[in-house]
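Quick one: the structure is below, and I'll ask about it shortly.
Think of it as A, B, C and D in the order they're written, each chain with its own count starting at 1.
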Amino acid sequence: MSVQEREATVASAVSADRKRRRPVTGSLLVGGLIVAAVIGMALLSFVWTPHDPTLVDPSVRLQEPSSDYWFGTDKFGRDVFSQILVGSRTTLFVGFVAVGVAALIGVPLGIVAGMAPRWCGELLMRGNDLLLAFPALLLAIMFAAVYGAGTLVAMVAIGIASIPHFARLIRGGTLQIMRTEYVIAARAAGRGPFAIAVRHVLPNVSGLVIVQASVGFAIAVLAEAALSFLGFGTPPPTPSWGRMLQESQELLSIAPRLAVFPGVAIAVAVLGFNLLGDGLRDRFDPKLEDRR
Amino acid sequence: MAEQPTGAPPAPEPGTGPTEAISVHDVTRVYQRPRTSLRSASPPVHALRGVSFAIPQGQRFGIVGESGCGKSTLLRILAGLDRPTSGSVAIDGRDLTGLPERRLTFVRERLQLVFQDPMSSLDPRMRVGDIVAEPLVAQGHGNRRERVAELLEAVGLRADAADRYPHQFSGGQRQRISIARALAPRPKIIVADEPVSALDVSVRAQVLNLIADLVDELSLTLVFVSHDLSVVRHVCDRVAVMHAGQIVETGSTEQVYEDPRHSYTRRLIAAVPTLGRALSGVSAADLNREQRP
Amino acid sequence: MIVRLVQRIAILLASLAVSSVLVFAFMAVLPGDPARVALGTSASDSAVAQLRQEFGLDRPLVAQYLSWVRGLVTFAPGNSYISHAPIGPQLADRLQVTLWLVGTGMVIACLLALPLGTLMAVRHRKPSGLVLSALSQVGVAIPAFLAGILLITVFAVGLGWLPANGWTPPDQDPVLFLKQLVMPALSLGIVQAAVVTRYVRSAVLDVLREDYLRTARAKGLRPTRALLRHGLRNAAVPVVTVLALQLATLLVGSVVIERVFVIPGLGSLLLDSVANRDLIVVQDVVMIIAMAVLLVNFLVDMVYLLIDPRLRGGGS
Amino acid sequence: MTPAPGTAPAAATQDDVLAVRNLDVTVGGRTLVEDVGFTIRAGERVGLIGESGSGKSLTALSVMGLLPEGLRASGSVRLAGVDHDLVGADEARMSRVRGKEIAMVFQEPMTALNPTMRVGRQIAEVLLIHRTRPDRASARAAAVELLAQVGLPDPGAAAQAYPHQFSGGQRQRVVLAIALANDPALLVCDEPTTALDVTVQARVLDLIVRGVQDRRSAMLFITHDLAVVATACERVMVMYGGRLVESGPVREVFTRPRHRYTQGLIGASDLTVVDDRGRLATIRGSVPPAGRFPAGCVFRNRCDHATEVCATRPEWIPTGPDSGYACFHPVPGSAAPGATTPTNQEAGRG
């Protein structure tokens, strides 16, 4: 199966005509709520946290959840709930930057690859496939090996590794749009390639971009958690759910809750973005309804 | 045809002189297919094998042929969207073969296209007003709002349609919008690619009448492409029959339908079921009898 | 058919070459000198020069690249900057461990995903379909290492049925080997199963909408038989595509799992060599993972030829 | 033909192959097909014409029990030789009927065949499912014979080939071979030649008509092309807005239409008749989306003769054993069709 066929199966069919708006589906509602909650948590953390998440106080080490410390404290005596709150900031920040990098480079690349002559599009996609051989985590580890761990390293690595997903999906959509009669009409009217890309291609792939962005966000959250878990993500003392999980590992027998709280936070955030992705996909393109 | 509009086609506009609207000379188009066998490259596809014809100003010229006969390739070449492998094409006497896109503005101003599929010929994300105005934007014309309103009325739609989106219109109405867009830059030539094939029977007649009215009022040259012989017969003065990349026969509609010379044309016309022939006893077997090569 | 094969082999070789250059260049552009980085800032210049000479770091970059590639191709990569011991055998052992882990994980993922995904598609309007769909959505959201930690908390710490971590080669103690393999493979496998299930579901749904399925029903086949006889083979193509992509993610996911379960696989080797700056090992491990992913993509293309006659060339 | 809506249906005569009574198809609150009733006699070729949203395809799919998900059929569909009603029958029963008593040919040949299975096997399968051939070998041989019958060159090699190695016309013949394999009592064709070129259409139409005649099968032929129906069928039923508006012998309906919609449809589809300015006859307005037709007579928003009474549902007025119409202001039967809109008078030439 040549790359085209593979793209056709992976890339969505961009429906040329949007019937009336599709109803708000369950996944859009639930996904939207969760994402809103995570964003809410992040914003709240700027203004208020029950305790200073980085304040080490050995006297209150490993306290069980109480009215004072809602989620209890960790082995350094830091309040777990506050860490979770501030940790959401890191997660969202990594997600936005990673998806931003991937979209800003991947979308134009996909559109150019879709509009360029066939051989050039092929070549670009060949290179794109190559990048798929270096998943986000691997890239991040290589970056960390060279530049040392850090949130920035994690974000850039995840972003670069997500470019091929955007580029491939958008190229599939662009190829389909370029075949439509309204693009041929625009060319016959004298519109240049740039005008066609901005006026016709971009608006019609925007549905794809948003869907891939929300799913990309979920991937970024997972990748950041893994990186922090391995010690390559956000360095201490900035709270990060991944690192909380790593620190909780040796205390599993005494305080499993130290693993449960950040773990649930990660899972819920990822679930939220995936559901949002599904919901947006239903809304934008019914044919995508059951994709993935 | 029951009633052939008598008299020659309307005299060409003063000043444009006798040159034909479109003249095509020995155009060929060959596509290379990707290799499937190691030893030899796969045989190239000859979409057009030396096509020549000329269309005077104001004539309604039909191109008829089955799928794969090369009529869409020819259409793209006429509109300057594709380059012939050899041969030349001239619009109003000016040759456009081999010119880069930036020197094709004279084609964009004179020739516009109307398409087949109402669903895919209008951008679903653009308002109708912007769709119709796009050629004006592309060619830098001013006062677009009034012009769009004028065009929408000319095709039988209300001016307020400009603020709505394509999915709010029926198939027939969308074809009208497509026609309004084609007329925006005041072209002299309209090339229609199967403009009514996707429409319901009762709506098709309305759109055909609209095209006929506009061609008369604006004394346009019309190139009408279709696989449906009876539609082409109704619309066009002259018709060219295409088969396997070549024009096998050209002539006035009357002559080609009444006494076709080329064997392929005869087979094509014999295969077309019509209400009249069916009621006078022509059966499926009769239609098929002519087909044995 | 053969043309396709030749084309695909050429693409594979080209991709391998390009990725090797990428990896090498990535490491070479490193600020600072690998030898000094390996020996630490306190090392004397002569010691650093001596190390550079020993590892041929003083030679021009192209020469270094060529000898590195020759090492990889002949399965005799050079020595580690830190331990000076040959890397080859170490890589071989570690690779075997990772293959066991990823292999079992993939098997678990397929055994769960193929039936479940098909079931979800067939019943996608009924409540059971929706429940499965929600479950798989949750499955996708759980990172593998979280699954690992939860398994340890329940089965190792809680019930004590399985060892919390460690690894024993199968030939030494097969029972212990299996006991230690269960949880890591499960944590990798379950998460992948959730992802693959969603792809299987959408591939089967696409097939259910195809006209030839309706033709099969019009012939007198009941829905399930029509799907089995006509649908599944056509759904295989997109599913195989996804399995290849997921294998790559699984390969990298195992890096984290090896850390959670303290398994001496390629992943932990990579992490350790990053920690102690043994860059030549990092370079080799990353290259091996990339080679594995590219090889899998190549194999997937070959599988397409078996499944889909349209790709075998010939015919109209 | 028994009167459909309202009046008590007479007992189906013994040589009726198909009897449809009060057939409705609904999705959500919307009705797409309403109270359709007709019968087809053994060996009779009946056309069903209508434009988009008329419900003609849904009627055919209801008879086959293959309605898309979410659509519900009600009413009664009886097939000769089958002891249960086809509407609402469970899959076990329907799968014994489909491909054996009743078979179907679809519109789009390019996607109707399984792209990864050899053509011979796809034909042999329908024989093995219903055990009309004892074993695989005889089923394969029968498949090659069927390929020859539908005029495919070198049927032996064709049986071994895959669908992508055939043209659209050839694939449609394979679908026809599958449908006719078990000599069905009723063949349902849903726009079988719409996607084909006119020369290929002539061959496939001929094959379909000869195929049903040789087997004395009845045929329900759905299309929007009046000329194709007039060529292939003996009787025609006209549907608009989910309702049966007129039916009768082809010559009768196409020369002396009674329902105003049929009259308008004939006028609009005949391109040889023009007014003095050379313009065609049209039906004003456009076809409303499926399920959104006006109450009462579904055509009244586009009919020049509509009056208040048309807001109530017109009764079915039988005009013969197999014909009738449902219109309050029909085209006068005896007199020549109304002069207002030109209708197809003389037999067209060409």
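Keep in mind that, in the parts below, contacts are C-beta pairs under 8 Å (C-beta built on N, C-alpha and C of every residue); 3 or more make two chains touch, one makes a residue touch a chain.
Just so we're clear, the structure is a prediction, and the values are computed from it rather than from any experiment.
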item	value
Minimum number of chain-to-chain touching steps separating chain A from chain D	2
Chain pair, A-B or A-C, that carries the greater number of C-beta contacts	A-C
Most widely separated chain from chain A, with each centre as the mean of CA atoms	D
Whole-Å separation of chain centres (CA-atom averages), chain A against chain B	48
Chain B and chain C, separation of their C-alpha mean positions in angstrom	54
Centre-of-Cα separation between chain C and chain A, whole angstrom	21
Distance from chain D to chain B - Cα centre to Cα centre, in angstrom	32
Residues of chain C touching at least two other chains	308
Numbers and ranges of chain B residues touching at least 2 other chains	none
Contact footprint of chain B on chain A as seen in their complex	16-20, 180-182, 184-192, 195, 199-200, 203-204
Touch list for chain C against partner chain A, complex	11, 14-15, 18-19, 22-23, 26-27, 30-31, 121, 124, 137-138, 140-146, 149-150, 152-153, 157, 198-199, 201-203, 205-206, 237-238, 241, 245, 248-249, 251-253, 255-256, 259-260, 270-271, 273-274, 277, 279, 282, 286, 289-290, 293-294, 297, 301, 304, 308, 311
Interfacial residue positions of chain D with respect to chain B in the complex	51-52, 197-203, 205-206, 208-210, 224-228, 230-232, 250-251, 254-255, 264-266, 268-274, 276, 278-283, 286-287, 289, 302, 344, 346-350
Sites on chain B touched by chain D in the complex	1-3, 5, 66-67, 170-173, 200-206, 208-209, 212-213, 227, 229-231, 233-234, 257, 267-280, 282-285, 287-288, 290-291
Complex contact set, residues of chain C against chain D	125, 210-212, 214-223, 229-230, 233-234, 307-310, 315-316
